[in-house]
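What follows is a pair of complexes built around chain A, which joins chain B in one and chain C in the other.
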Partner chain A sequence: MNPAEVRVRLADAATALAGRVLDALRGAGAVGLVDYMDACPDEATALGAVRLLGADLFAPQLVADRLLDAREAAVVAESFGTYPPVIGASSEEQRVAAWRDWAAVRLLALFYGPEPDAAGVAPPDNAAAVLGRVEQWPLWSAAVARLSPLALPEVGGPVVAAVVAEPLALTRGASRAVLRRDYPTAARLARWTALLAHLGVELPLDPAPLVEHVRLRVGAEPRLLLDLAVARLLLGSEAV
Partner chain B sequence: MSAQTVVRPVATPEEQAVLHELMAEPEAAISDAPLYSPQSAGLLLLGLLLSPEVPKEPKDK
Partner chain C sequence: MTGSSVARIAHDLSTAALDWLHANRERGAFPADTGADLGDPDSAYKPLGETALAASLVLREGAAGSAQLRTARELVDFTWQQMREGALLYERQLRYPLLTDPLETYAHFARSGHRHDELEELLTHCAAVGSMVEVVPNRRLAVANAHRTVGVGADDWPSLTRATWLGQTPPPWAIDWMTGYSVTHTVFHLTDWGARPDGLPADMTAYVTDWLPVWIDIWSEVGQWDLVGELLIVGVCLPRPRLDAAEWARLAALQHADGMVPRDGEPVTGSPDQRFLNHQHTTVVATVAGTLALSRLLNGAA
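Moving on, here comes the complex of A and B:
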């Protein structure tokens, strides 16, 4: 299978899985990760989608108190067996992947205890290596957007601490994304602004109208709607 | 006694690279922002000044 074909299959599988997580956030029951695995014809692609969603699979548990069951947690751990975790990241993509894996494993360990399959995920080195210099806030905020699955309560760690320390750069980046009409990036940064508001950080802009503005323009892509649903729940909205 | 071994698929390096690319989706390369273009105001004004006069009703009718 050529890389373009793999890309389409993984993206489609992740979109379907994001739709399930979004439904769980909206109160339609559990994520149904085991059903999803059974229904997907290609196990490796389905496990890739699980890796792609990563920490977002725990979003219903963290922001809406809807538990993944132990078998679903085992599927998350199994995905690290099929797609091995990044060790010694050398490119920007690998650094982002390493942090996203770290967040997923951290939540997995928090709720279910350490899993043997996921034990190889090393804690990435420091936040500056993946985010860059905050003085270059357009690049810095684009890197923050790529790490949007970390914008969940309980994840914590150096990246969240670095973003919490720079509300001005974050809101500049979010405003820039809205002005550029780059709504995928705007949705991811809006989620971060919602997390900061949830943590009691004072922001130079009100995240609620930002989230609403982006939500009306982002279309029907479930992965982006998932970012915005998490944002709305973090801001205390009842309906997502 | 039977022994069962679960065979787990392992992604190829190419598949892993695609997964990492999808995780690190970059921001849009081209901005779609509406741009302020002050020179167009001048062009509109020039066009207005150079436009032919509105025809008048002939008096000796």
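Moving on, here comes the complex of A and C:
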């Protein structure tokens, strides 16, 4: 396979896995990560998809009380064994990947590690390095959107703290995305607004109609529906 | 950039825009046989009123140099002559007592010292009768502000304010282009074009302060410069004015060498008359924006 074919396969596998997570959030049972691995003909691609979903694999556990079992956690650990977390990021894309990896490894260590590995869960950088200056809120919020897997309870850390501290910049970015009809970005930022509301942060707008407005327009892409399902569960909606 | 750089941008923007309105004023004149019926009120009547508004605010603020004040006075006098020194407005109000445009137009002249006693008597009576055509809520505020400026009638400002889109403070992402203009005009009238910043209720002030950067950003991206100019005026009208140097520089960079400011991102084409027709409103907006920004900066509000 050439690199382009690899990327397509990986993206398809990640979309399928996101669909499983979405189903779990909607009450269809567990993610079934072991079944997913067994059903996938190409283990390397499947592990790559697990690695891409990262922290989102823990979403059913964190917002819908549907626990990953130990064997599923082992699959997540194996994905990071096969594809080690990004360390020493030098580009914007790598910095985003490093933070997403960090969130997944942190959750894995938090819930399933015998002892959290201090080196493995140390934040990759300071939040400003990946988010930029909050005064430049359109760029700042775009970076926040790319880090939407971190918008989960228990993730914490410098990026979440930085976003929690800037509800106005966050909601400006979300409003901008809606008005530009950039619904993928809007969905990711809507998830962040829901997290802040869940954490008790006072927001300058009501996140519930924002989430619903985006949900009605975002289409059928499972990873975006996953963002919105997380958002609705964080806001206490019964049906997602 | 600093406040002084915004002041320089605002001064240059409004000076050149006012000069363009003055140089092209005859293009906006009424046809020779214009009566109180007007036919199409939007063709010359409305633009003449807008030019009178801009010039009246230059005179009210007094922040411009003597040459600009003279230009503004000439423009007010020119438009007043076009209104046959108020007679056209009087005849139109007499003939159509429910219309609000004679009052709204007259307010710009009353602000500049041109009065018409018979018209004011008539406007007082109309206000007492309290019967006017139905208008959208922000336009109703325009009537209230005109009443206040002329000194007739008494309006229920709180209920009129809450009837507007802005008065409801809806989700900031649930706005469209036309509603953007409803927001700008609500602020213009509540604050009497920046003269009464505290006329905007505190919750609405906070709301506008929070979301104005978003609206300026998204309508700048699509080159809706007329609306962006009005939103910059909104920023100037706030109790703590928003005077972002980058936003002002972006609008100023669009101004043509002759002072005209284009309404949108489309190419500027056509005859001089067509250019006036298409871009007079935005050039009025630029005049008002620069004038009010400079005034508030000089008065130490920003």
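Here, the second predicted complex is superposed on the first by the 231 of 240 C-alpha atoms of A that agree within 3 Å, B and C clash if a C-alpha of one lies under 4 Å from a C-alpha of the other, contacts with A are read in each partner's own complex, and residues count from 1 in each chain.
Going forward, a residue touches a chain if its C-beta (ideal position, glycine included) is under 8 Å from a C-beta of that chain, and two chains touch if they have at least 3 such contacts.
Fair warning: this is a prediction, and the values are worked out from it, not measured in the lab.
Aligning the two structures on chain A places chain B and chain C side by side, free of any clash.
Annotation: apex chain A, arms to chain B and chain C, angle 40° (C-alpha centres, rounded to a multiple of 10). By the document's definition of touching, of the two partners only chain B reaches A:6; chain C does not.
Look at A:204: by the touch rule set out above, it reaches chain C but stays clear of chain B. In the superposition on chain A, A:175 makes contact with chain C only, not with chain B. Contacts of A:100 after superposition on the shared chain: chain B is touched, whereas chain C is not. The larger set of touched chain A residues comes from B, when the choice is between chain B and chain C. Residue contacts after overlaying the shared chain place A:137 against chain C, while chain B stays out of touching range. Once chain A of one complex is fitted onto chain A of the other, the partner contacts of A:113 are absent, as it touches neither chain B nor chain C. In the superposed pair of complexes, A:52 makes contact with chain B only, with no contact to chain C. By the document's definition of touching, neither partner reaches A:88: not chain B, not chain C.
Once the two complexes are laid over each other on the shared chain, residue contacts for A:213 go to chain C alone; chain B is not touched.
Between chain B and chain C in the chain A overlay, the least Cα distance found is 5 Å. Across the superposed pair, chain B and chain C both touch chain A at residues 179-180.
Contact residues on chain A toward chain B in their complex (touch as defined above): 3, 6-7, 10-11, 14, 43-44, 47-48, 51-52, 54, 78, 81-84, 86, 91-94, 96-97, 100, 142, 145-146, 177, 179-182, 184-185.
Residues 171-175, 210-211, 213-215, 217-218, 221 of chain C are the ones touching chain A in the complex. Remark: chain B residues 8-11, 14-28, 31-33 touch chain A in the complex. Listing the residues of chain A that touch chain C in their complex gives 137-138, 168, 171-172, 174-176, 178-180, 204-206, 209-210, 213.
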